[in-house]
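Next up: the structures, one after another.
One chain, chain A, appears in both complexes that follow, with chain B as partner in the first and chain C in the second.
What follows is the complex of A and B.
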């Protein structure tokens, strides 16, 4: 009898867990619309839109999925919203013109790049106070963080460097020269490599995380497209490290790169000026923001196929996914 | 060369099994209908087998468009999202249903060309002399032509698959009825035209006045919203063109969706064209009759 009740309890838990496990929300920051579009992760339909600060660009969700951080670039602040009901919770002292940000895996710290001041701002999320500002190269933009939270990588667009910052000493421990205008840094889930995209250089540098040496440079070539229109920006790597996806900006394509051989496997046609990427919590879908066509494209990761494109707000820029059940408020 | 071949030299299978039944028209046994259908279809099949160049050339035409024309336009047009597609597509993907329409259009006109030829050589008389009703003879002939068109379509789909035009596999099933119906519509239009064309040489006129306008003033090459941007008048013309609706019917079916207005229009046009073609081939009443002395 006890076994039976236990079994029923487990089954009930399993069932109740099955629903919300796949339910999630997709948040898209609309740079020109000054708002955030919310989409349901099951139907990929727009369920809500809420106004935020001026020129929202980089967005991120806290590890527990409860808070959404928005870089309101023209308001010189980072805004915090609830992912459940989109209530404004407060601001964080980011310094001027924040563009991209990362949250530490333990959710205690937030790192933001201040494009105008050549700084990386470190904010303590438990107190909401600025901890320190770290001077980096000119026009910092991309922010990456190692899975253990120990190393933060910032890319500076004009200096053309990836700066490796140590969490504890808050000092730059290494600078790696990459191709022109580095935009984005992304660690592999096992922490072995950092991929840095170079917008003008048209390449992605694969940097060995331990030796800080460039292992490989990925180049792109889309038949029928001028090389100038291939501008790598957002990068995402699958959990198992087998495949990486690189948004190619005005080439309107997302490149699929083999995570071990660094060969480009495919180019997927998406909307115009594809900018940032985000995986769904289960890793089955990848979302792209397409700035000029004002939509996001949904990529089926298993088959590397674009399944649909959905209209969002004006000039979508950043995308983040929160593992919370979608509700229509 | 017209009307010089004696009828006895022509295939007789169309009449096999039915002599003597002429008086009791309404009560033909099913087997008689089947024999007649088989005869007509078999004749088309033989003609098809002996004209392999025709099959190849019918395939080369859309493939040239797919490989060369579409490649050139790939970056120029950039097709935006339009139903039934859910995301951005390459021009090759957009143009494929239109090229299937092209196959069926040419196939329909080719059959009509062969009917003009049949008339000139006299074998049309042999066909129409059969005691079975005229509508059945002509529909059988049409069915034979459509069967060839369907075969060409699927070979084209297979080649396009290697060119990265890959609709969902269920789409290949759903598109079959749409292809058959569109084939019937274009085939019966061809049949109607063939009753109007006096001589084989006049066929060039069909090319200029029917095939090209129908093909270009349709949604086969460009989405209608783009045509509308360019010229509202052309947009109206495209909407009035039954070929547009045949292409859209096939385009939606290929992605597992039903385009009801297109289905209605294609069904309606098929009925009208086929009805007129049957009337036109009626020696007693049709257009053929008026020309009979010259044509026979």
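What follows is the complex of A and C.
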């Protein structure tokens, strides 16, 4: 294993010397491995692995690409690392058991869901201080943010709601009941809709961002699979809003959904227990974390094809992409 | 009691009071202050003009007496079941804060043998429409029959007896507790998946032990296991624990098991705690043990953390000061059934809630990797069954490859074609 990693590292270093100067990095949190796998966005090869806190799950990159935020769930903190050299930069006061987080588009605030305490924690990234904790439903998990940063959406897994929180007043302005165990909230880039996945309900609710009404409920059906095994978690929508991708957990597939008609266009077979998704900075690739097969799948977005899978650490959970050079030398 | 449970699950409730305003359902929770800019450490009054929260009362009728077990670790704690119901009430109330609904638990604890009719009647006459029970099969039926004229629903979180789902089923009696046959099917599927097919069955002589043994035999027949021998362990009385400790056990149990024919697994049917715990490691030949000892089956396991289970375990432990057990999960699920239906129907009207619970769209998420639903032919909750040792979860049934035309969960327990349940009318 060590030899293999070393080999991959050498290969990646060699590639980066010959490849384009500007590339990007993919970061994958390994829930069981307590580390982060770093992949080169050009070669999709593992270039590094670094240890972080216990049970890393949700991860995100600052808008400038410089910092990686890691929910170290069992350490009850959010850790901050440099995306350039993976140096530990400090911790943020997340509150207990942080699971998922979002960073505001202007990079000034971080919002984290604390599953054990039914809270959403708001952190000021300029001072590193906790601004406020907002009580939400039971087992808050998914965190979405509107493109203008004005509205934060949290999903609570046992209350089964999407809570819409206003940035300035820090108040809940609407609660939308969705199907069982909502895991993830994703805005369209134009801010018109929020898509909320329901893991046990097996659906995705498309919520009109203005009226807070559910416009459509997307359902999934895979021949040969019983409906209970179709468990939507991660959701990502293309920049132009034309297509959405939904990770279906133990169904081992990513659904491709038409962003306008909400029709399911395709099911892409990926690794086992697929949970989270992230686009490359240019939107041409989508990466999936496959928790049981310990790998990520790379999807070609234009053709909706799975082009390769890459072994990462133990039980990959979250994935984030940083638009920074893949190597510093 | 229920209010304090809610507050503790939220942690720093006082500090939070001023932090946020819930625009919808502001009247529902006292600790949600109305002035977000001004910290208000004390509970604030509901917003003027906000409608009072709709109250949904849930009764909990149970029988408990501290009963010795062969291992001190197996003695049921005083709060068994009840603590699960209390955590579910707190969960329901957190959601209720957004729905303008409030849930209250009214718990009555009896001793085994006490008359259950009077407290059940009192609850029903007081207008309690939902009664969660942790009682014997006979007492569960008594409560269900007393509740029927008032149209009240009884949710059985304690009795595993198959007869309550079969010949003695009731239209107003729902079961969140798995039946014995679901538990034994879960074990049988696992053993068949392992290809450990030959089983020696050792049963206690009390009624519940015999029922477990009967269920185990039916499971063997259903899934192709072979019961190669059966023995009954007589209850000679005597103390559960003695100062001479394990010495006699280590000498006597192997001799008792010496004459068994070749077998892969010893199955133990000893709900009465007479001998089961003594079997593992004391066999004559080295064989694994399953049933009520060794590898056991349940709706939950104190060590289960998969499928989001860590969260319910954490808040249960914070509330109850111990790990969550199967009976706690059954009671949690029963109270959550009512809460889930109340939020889905956005109603506190029992007619609306009952129709939804018994309707085709009802599902419950309960940390076991898939949605739980009710079997409409006998109101048994479909659920995966966890298999574990004392320390850890080993597996969850249904096992891979046991297929079913409706739901793989229906491979556990008596299925519709075999069911003898017939609701009147």
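Quick note on the criterion: the second predicted complex is superposed on the first by the 305 of 329 C-alpha atoms of A that agree within 3 Å, B and C clash if a C-alpha of one lies under 4 Å from a C-alpha of the other, contacts with A are read in each partner's own complex, and residues count from 1 in each chain.
The definition used in the following text is that contacts are C-beta pairs under 8 Å (C-beta built on N, C-alpha and C of every residue); 3 or more make two chains touch, one makes a residue touch a chain.
What you see is a predicted model; the values in this text were computed from it and never measured.
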Note to self: Looking at the superposed three-chain arrangement on chain A, would you call chain B and chain C a clash or a fit?
What the structure shows: fit
Next item on the list: Considering only touches as defined above, state whether A:309 meets chain B (first), chain C (second), both or neither.
Entry: first
Margin query: For A:186 in the superposed arrangement: first (chain B), second (chain C), both or neither?
Written below: neither
Item checked: Touched partner set for A:225, first chain B, second chain C, both or neither -> first
Check: Is A:151 in contact with chain B, with chain C, with both, or with neither (first, second, both, neither)?
Finding: neither
Margin query: Output check: A:34 vs chain B and chain C. Expected answer is one of first, second, both, neither. What do you get?
Written below: neither
Notebook entry, point to check: Should A:289 be classified as contacting the first partner (chain B), the second (chain C), both, or neither?
Noted result: neither
Notebook entry, point to check: Once the shared chain is lined up, is A:138 touching chain B (first), chain C (second), both, or neither of them?
Noted result: second
Checklist line | Larger contact residue set on chain A - chain B or chain C | finding: C
Margin query: Output check: A:271 vs chain B and chain C. Expected answer is one of first, second, both, neither. What do you get?
Written below: first
Check: Does the superposition put A:280 against chain B (first), chain C (second), both, or neither?
Finding: neither
Next item on the list: Look across chain B and chain C in the superposition and give the shortest C-alpha distance you find, in Å.
Entry: 8
Next item on the list: Go through chain A and flag every residue that touches chain B in one model and chain C in the other.
Entry: none
Notebook entry, point to check: For chain C, which residues are in contact with chain A within the complex?
Noted result: 9-12, 15-16, 19-25, 32, 36, 91, 94-95, 98, 308, 311, 314-315, 318, 336, 340, 343-344, 346, 363-365, 369-371, 407-409
Note to self: List the residues on chain B that touch chain A in their complex, please.
What the structure shows: 71, 74-75, 78, 80-81, 86-90
Margin query: Quick check on the complex: what are the chain A residues that touch chain B?
Written below: 224-225, 252, 269-271, 293, 295, 297-298, 306-309
Note to self: With touch defined as at the start, can you tell me which chain A residues reach chain C in the complex?
What the structure shows: 97, 115-119, 132-135, 137-139, 156-161, 163, 169-175, 177, 180-181, 199-202, 226, 228-229, 231, 250
